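Just so it is clear, A, B, C and D label the chains in written order, and each chain counts residues from 1 on its own.
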Amino acid sequence: MLIVMRADATDEQIERACAAVRDAGLAPHPIPGKSRVAIGITGNTGPVDPGMFSGLPGVVEVIRVTRPFKLTNREMKPDDTIVRVGNVEVGGPEIVVIAGPCSVETRDQTIHAAQSARRLGAHVLRGGAFKPRTSPYAFQGLGPEALRILDEAREATGLPVVSEVVSTDDVPLMERHVDVLQIGARNMQNYALLKRVGASRKPVLLKRGMSATLEEFLLAAEYVITHGNRNVILCERGIRAFSDYSRFTLDISIVPELKRITHLPVIVDPSHAAGKRDLVIPLARAAIAAGADGVMVEIHDDPKRALSDAAQALTVPMFAEMMEELKIIVPAVRRGRTVTA
Amino acid sequence: MLIVMRADATDEQIERACAAVRDAGLAPHPIPGKSRVAIGITGNTGPVDPGMFSGLPGVVEVIRVTRPFKLTNREMKPDDTIVRVGNVEVGGPEIVVIAGPCSVETRDQTIHAAQSARRLGAHVLRGGAFKPRTSPYAFQGLGPEALRILDEAREATGLPVVSEVVSTDDVPLMERHVDVLQIGARNMQNYALLKRVGASRKPVLLKRGMSATLEEFLLAAEYVITHGNRNVILCERGIRAFSDYSRFTLDISIVPELKRITHLPVIVDPSHAAGKRDLVIPLARAAIAAGADGVMVEIHDDPKRALSDAAQALTVPMFAEMMEELKIIVPAVRRGRTVTA
Amino acid sequence: MLIVMRADATDEQIERACAAVRDAGLAPHPIPGKSRVAIGITGNTGPVDPGMFSGLPGVVEVIRVTRPFKLTNREMKPDDTIVRVGNVEVGGPEIVVIAGPCSVETRDQTIHAAQSARRLGAHVLRGGAFKPRTSPYAFQGLGPEALRILDEAREATGLPVVSEVVSTDDVPLMERHVDVLQIGARNMQNYALLKRVGASRKPVLLKRGMSATLEEFLLAAEYVITHGNRNVILCERGIRAFSDYSRFTLDISIVPELKRITHLPVIVDPSHAAGKRDLVIPLARAAIAAGADGVMVEIHDDPKRALSDAAQALTVPMFAEMMEELKIIVPAVRRGRTVTA
Amino acid sequence: MLIVMRADATDEQIERACAAVRDAGLAPHPIPGKSRVAIGITGNTGPVDPGMFSGLPGVVEVIRVTRPFKLTNREMKPDDTIVRVGNVEVGGPEIVVIAGPCSVETRDQTIHAAQSARRLGAHVLRGGAFKPRTSPYAFQGLGPEALRILDEAREATGLPVVSEVVSTDDVPLMERHVDVLQIGARNMQNYALLKRVGASRKPVLLKRGMSATLEEFLLAAEYVITHGNRNVILCERGIRAFSDYSRFTLDISIVPELKRITHLPVIVDPSHAAGKRDLVIPLARAAIAAGADGVMVEIHDDPKRALSDAAQALTVPMFAEMMEELKIIVPAVRRGRTVTA
């Protein structure tokens, strides 16, 4: 940490700041500059609250130097983490495609979507059983019945299943039925839920909160890991900015930045970012081109009958087209990846 | 809802869109315009998903007309909701000041802060027992011990207590100790928690999520109300924008807009918005001037020793100054409000 | 500046970074920490581009310490700058109210608005002659004819006039007719225009760009000042965030932060921030309560006939109400200010 | 346009709103709904200000239906506009790569960069002569001397040249030296400059403002076109959001949306969006994968000696790598495009 003093700070103020550093069990290192003094701080073993020093007389600002995330940091673990989901490796040499309906609505719709997904090369099936909906008046998911349908879809296709968990109480039930526990964007800082899935043996797909910084995103992953579960997949799904044409703003740049900074696998959900199907395929292509380890898309046999997020589901022919295009792009990212297993 | 057709949409496409509306059990009303046709939709008793129509051939966009929030809407209930907290009325003629430490750290610190708050005219005591912290390595609150200390502070001062609940499991415990259940910004869309506090008899102080729109904020309140609890206090605490000088951006405009649109009481938390104490008093003044029903501020006898959010806590003399200034402003808002009971 | 090295940086990498600092004519100061080394830099007389060092092997990031703005910095000039506009002092003990129509549309409308403004206590008349409109199809202002009407309004009321200049070519003409040259939000980083008004003897009212950081805002002021014109009034008018209910998001917090950091006067334009008249009065009250040196509002005798920004103009009775309320608030800000001269 | 009335609006209020519509020379069409009445408006030949109706008694909101942009709208001109720059076609079947230094600093640096660009397959040379810098203390470009160096570089390589124009006064000089006039992000709403380049015969590369909506971006292009110049190339370069790791947030989704909505060519500048070179190649790949007509990147033989934006310039070997990777991606976008001419 670095304390920046005012240009006109007195020697006494500087000494007082140094004393405050020592009081906190740390070591102050004054660095005299042309126009002002800064004080470097060493000796901290954990994070130090900048607020301890920012209010002292003569202090302009306090700058944090060490990054607060540790277990997710590639500096600490340089090699990629590979998360196994059934026979699928997320974060390994191949890209991974997760596809399925937004919500499980009926047995037929789900089995059909799963079979289409399987046939066209998807690796994992998605499908919402418990839906976190902005409005209490919107369809909230079929719940336990959806989980039984997902079991059947897994059996019919061999695809492992990812589904969102919205409550700590639901975790044991979800663990019996799904292969990956998804934490939605709205729950990225629901720490009770993060701690609970941290105690699970199932991998966790953690979606970025819609206003989470990169640091907050990694600290949310760190909650899961510090509670015992190292199998975390990060998922960018769009941030809230001022767009007048898409639901959210896909922050494509975070993909290469995360790949550089953390060893965890990174996937992208273009469906929720866009909110309309016309944009999903171009964004899926962009995600893979930017270096993502995979994409998660919504598909529906008959999107206009979908009970949730109808506008953004790909039709089956569109999904087929996307898969073809991703295959072409993968070699550009130079990791020997291929779309088909 | 209104379906806007392309300028070059064919008669067949228009008829097809009308048919889709009829299929959904609704009534289409084509409105021919100079350059294009729009189709008004009537007959909906609940919310209709715009996505049902946005993907049809010839459709440019689908515009929602009716607002999705109902129970919070002042159109439905024109008179102000007053939430009673002990002897205090939030949303009534007087403004309400909630003050106390960010976290309950020790018995002495809390009792002293409560006594200062009481003496200077605060109406409600705040104090965190369970803290939702961005980093798993940061101080997470004293938990049950903090609740016992808050009981003691209530007894010593007579002030009712508000404290944040971060998990459905903690609700019964919290209900026994606190007078108002606070839902933090990070949990504004934790629907499991909203439903659970909706089933409580204790009033709920609902903080706005840091990227929540006005509509999402009111729909979160609607979750609480539809589950049975009408005593909801809304709290603006800053949104995430691009500020290079404050932690969040206090969205002061939402105060008068909420007062216009909803009958629920609206308060402001300037401490978390600012992230540094220099800004807290001006923002508290601005909040009351904008029409807020109250403010919630952090105070600390010795801020530089605080374990969380040290930089933003007011000292006791600063709190006294703030109270004096708020008293001057209240009459400008013309509701016969006064700061002191 | 501070160079933060990777935890695993080699001694050679650290030495190479130090050498790069010396090559740039600066002095490196390595600070060994528990987990990594940081290198303090001193000796810079002007701003140094962090990019010179951020790409070196072993470097994690480069942190700038000294603030880049100088002439606007209160550290350099502690006492408030007072900008004289006719007999009015902006930034002095009294708050200043600027009022008038968005655009000058007709002689009658402008003279009436000016007389109402004067009668109710406004200090300066505003009125657009050249309008920067988002759409090329929207009303662009009356131009030179508007300036003649403004002259007449000044004569009729004695109020000095502020009007926006949108082009370097128009500056000489504007200088002959108006008392303050306004730079609009869309031109805050139009450096050719900033330099040109920097060479003028007329005071400049500089509006914050809708996505400008505090630092960028002050650097824009610095452009004007370095070109010779120290009479700059800063104006917050709302930033672009994700609001679903107002045109822009008034960043009220920047008012006290600017007052703390710079010696220049700071006013607020609530009309453009809100985009609808219901919010203007509460936001004007909030602005003064937060410590602004004044407000600038749009008024119109018959708002629904206005050719631009009709929705946000105050009626004359609303303006009268606002003036009454501001008078009550001023003493809370404790500077002996009053609304009336 | 659509006027939405309150649920409890009286018949008289509805009639009054209809009368206001008729007064404006338009035709009102009341649409009775279950809970409220909406009034469709037809007959408008140009844009109508919603503010004319939004303040009427009983009105909840006024919704605009027709899009305000016309000449850029693909509905009006379905086939792609191809902008010719020398022998290069922007917006045609091949993607276009624009490369060169951020600023022209010396003759040697510029000629070397141009030759590297040419050799590796770039189609257009970029290079700043007049630099719009946030700080008045930063390097502002070599000006006319830079233009002579660019002439020489064009002669040496045959590459056409794009360079930014920052002032209306500079347009005639720039027109004599460069092949494309660039309007920077900070000047996207500098309407005097847009009108001036609209009167030029040189194509215009228009960068999106950092907080411009899609609609505002197209309306800026519309300014250029309505003043006579149809050769406009749109360029996404990152928006301002809350990123803690990149300078701006590249809004990749706008690429396919613009391609769908407008006939103008769309390119992407990943260098300014990222602000650091590690991200430039992944973002360039993402841009092409998303459907952009080209990319514009900064290259420098010795980036750490660059006088501006040093951190984001690609080295020549990195640029070579990028070109190879883009070639692989192009076929995925299925337009028979290739990187090399």
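One rule holds for everything that comes next: a residue touches a chain if its C-beta (ideal position, glycine included) is under 8 Å from a C-beta of that chain, and two chains touch if they have at least 3 such contacts.
Keep in mind that what you see is a predicted model, and the values were worked out from it rather than measured.
Student: Determine the set of chains touching chain B that also touch chain D.
Tutor: A, C
Student: For chain A and chain C, what is the smallest step count along a path of chains that touch one another?
Tutor: 1
Student: Which integer distance in Å separates the CA centroid of chain C from that of chain D?
Tutor: 26
Student: Determine the centre-to-centre distance between chain A and chain D, using the mean Cα coordinates as centres, and give it in whole Å.
Tutor: Each chain's C-alpha centroid was found; their separation is 30 Å.
Student: I need the residues of chain C touching at least two other chains; which ones are they?
Tutor: 211, 239-242
Student: Where on chain D does chain C make contact in their complex?
Tutor: Going through chain D, the ones touching chain C are 20, 46-47, 49-56, 68-70, 132-138, 166-169, 186-187, 189-193, 209-211, 216, 219, 222-223, 226, 239-240, 276-277, 303-304, 306-312.
Student: Help me check something: in the complex, which residues belonging to chain A touch chain C?
Tutor: 2, 4, 6-8, 29, 31-36, 38, 40, 42-45, 60, 63, 65-66, 75-76, 240-242
Student: Quick check: in the complex, which residue numbers of chain A touch chain D?
Tutor: By the definition above, chain A touches chain D via 211, 213-215, 239, 241-246, 249-257, 260-261, 273-274, 278-279, 282-283, 285-291, 325-326, 328-329, 331-334.
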